[in-house]
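Notes follow once the structure below has been shown.
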């Protein structure tokens, strides 16, 4: 059950080469993950970083920038969870413009406590939610 | 001959988890590469994107975020070129705080023409400059 | 005829004080103006900065930050043109969360040529479009 | 006793019009204020937002963008405190490139408690420090 968020390439994303500046792609990636947590896992970043005292920092990226994106284009970011660990999750996110691939991200995140900056096991609800998302994918 | 740029973690880099937000690390990475071109290869981004009509977009990243960085810390970004292709270069950049590793980046860039967005062979001066940087490393 | 764009406060907008970092408000402001040009004036920033060879840089801001905004909140940015000059326009943009005012912006933009960085008279279509927007307001 | 910080216009600051995108000027402004607190008032943002539990959000801006700035230019941001209130301070910051004025900022900040988001009187040390900076100016 793929999850897709559309980002429009705005002026703020573009550099003097008139293409998306890559740190801005990572902002779009982060916003996609944020919406996925909120929509599919029923757990907003406001709850995570506020009352729960947790965070989900990224520990690894593998990214291929396949073709540049230009001002005004609509990019679909499609997220699929790939691997679930005790306190981590690896996500694949494909950014496309129409049928054309633009960026392919693999991002690994860790569930951690803000108090000591150390990983924690996923809470049961989140673990179950991610598993459901992965099963949807496997079918 | 390693090349190092120091970035201070400023308020603008930090997120509600009170650590550097990862897209900001990529801005620091980009500024490091920019200074390397200017200082070591004698070719500024202003020249590249202006009169030369060229660009050096990134085509791939492999990044490991090893430990979070906090407001006010001084991060040293040390760049070493690793592989030189006909129109590409792969760089290793290690970000450390004192002796502690924080982020390890491998970034591949391509020399391309803004007019058609297609790769071009490195100009001789740049190729020679990168080779000199790599030799310094091998010794 | 007010024009409103909704921006959700995402993680990327927030600082270690857990509120929107003000440069990010200006990104939201810019995206609002960009959508207004595209939707109401039928002139996208991609056309302006590409084929038209023009730009609309900001020459002045008066901003009052009335109350902080937090992660996950929905902010409505409502734009109203206030004054139309030969090559400039002054816009009022009010950002609210529900009925609560958050930020009040007055921004003056200038229509300029990228070639020489100097102002140009508004093209007739844009001038007429802005006047229509202002009349809607006056009624 | 003016306080000046130099910012180099990097690729990350520039937009498709090949000039500094104005939200990036506000990041430079904020970094300037941050260094002023640290250097002249001996109070770092890390201390303020960490152990002190305080913040200094901006409540008002008046900004004039006088001339565009381009990739590779060196901008000097010169800060002068203008008005000190019970829990606020108004700063003038002039950004210049050589002798050419580029941006003129007036920014009002408030000393506030993160716990309740309400203003607090300046601590004695900070008040005295700002007064000293203002006297230096008046001489």
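Side notes on the structure shown:
Letters A, B, C and D name the chains as they come in the text, with residue numbers starting at 1 for each one.
By definition in this document, a contact is a pair of C-beta atoms (placed from the backbone, for glycine too) under 8 Å apart; a residue touches a chain by one contact, two chains touch by 3 or more.
The shown structure was predicted, so the numbers you read here are calculated from the model rather than taken from an experiment.
Residue numbering shows that chain B and chain C use the same positions for more than half of their mutual interface. Between chain C and chain D, the superposing rotation on Cα atoms measures out at 180°, rounded to the nearest 5. With respect to chain B, maximal separation of chain centres occurs for C (centres as means of Cα atoms). Work out the mean CA point of chain C and of chain D, and you get 24 Å between them. Averaging Cα coordinates per chain places chain A and chain D 34 Å apart. Separation between the centroids of chain B and chain D, computed from CA atoms only, is 28 Å.
Annotation for chain A: residues 11-12, 16, 18, 21, 23, 27, 30, 49, 71 touch two or more other chains.
For chain B in complex with chain D, the touching residues are 10-12, 18, 27, 30-31, 34, 44-46, 49-50, 70-72.
Put simply, chain B touches chain A in their complex at residues 16-19, 21-24, 26-27, 30, 49, 55, 57-66, 68, 114, 117.
The part of chain C that touches chain B in the complex is made up of residues 11-12, 14-16, 18, 21, 23, 71.
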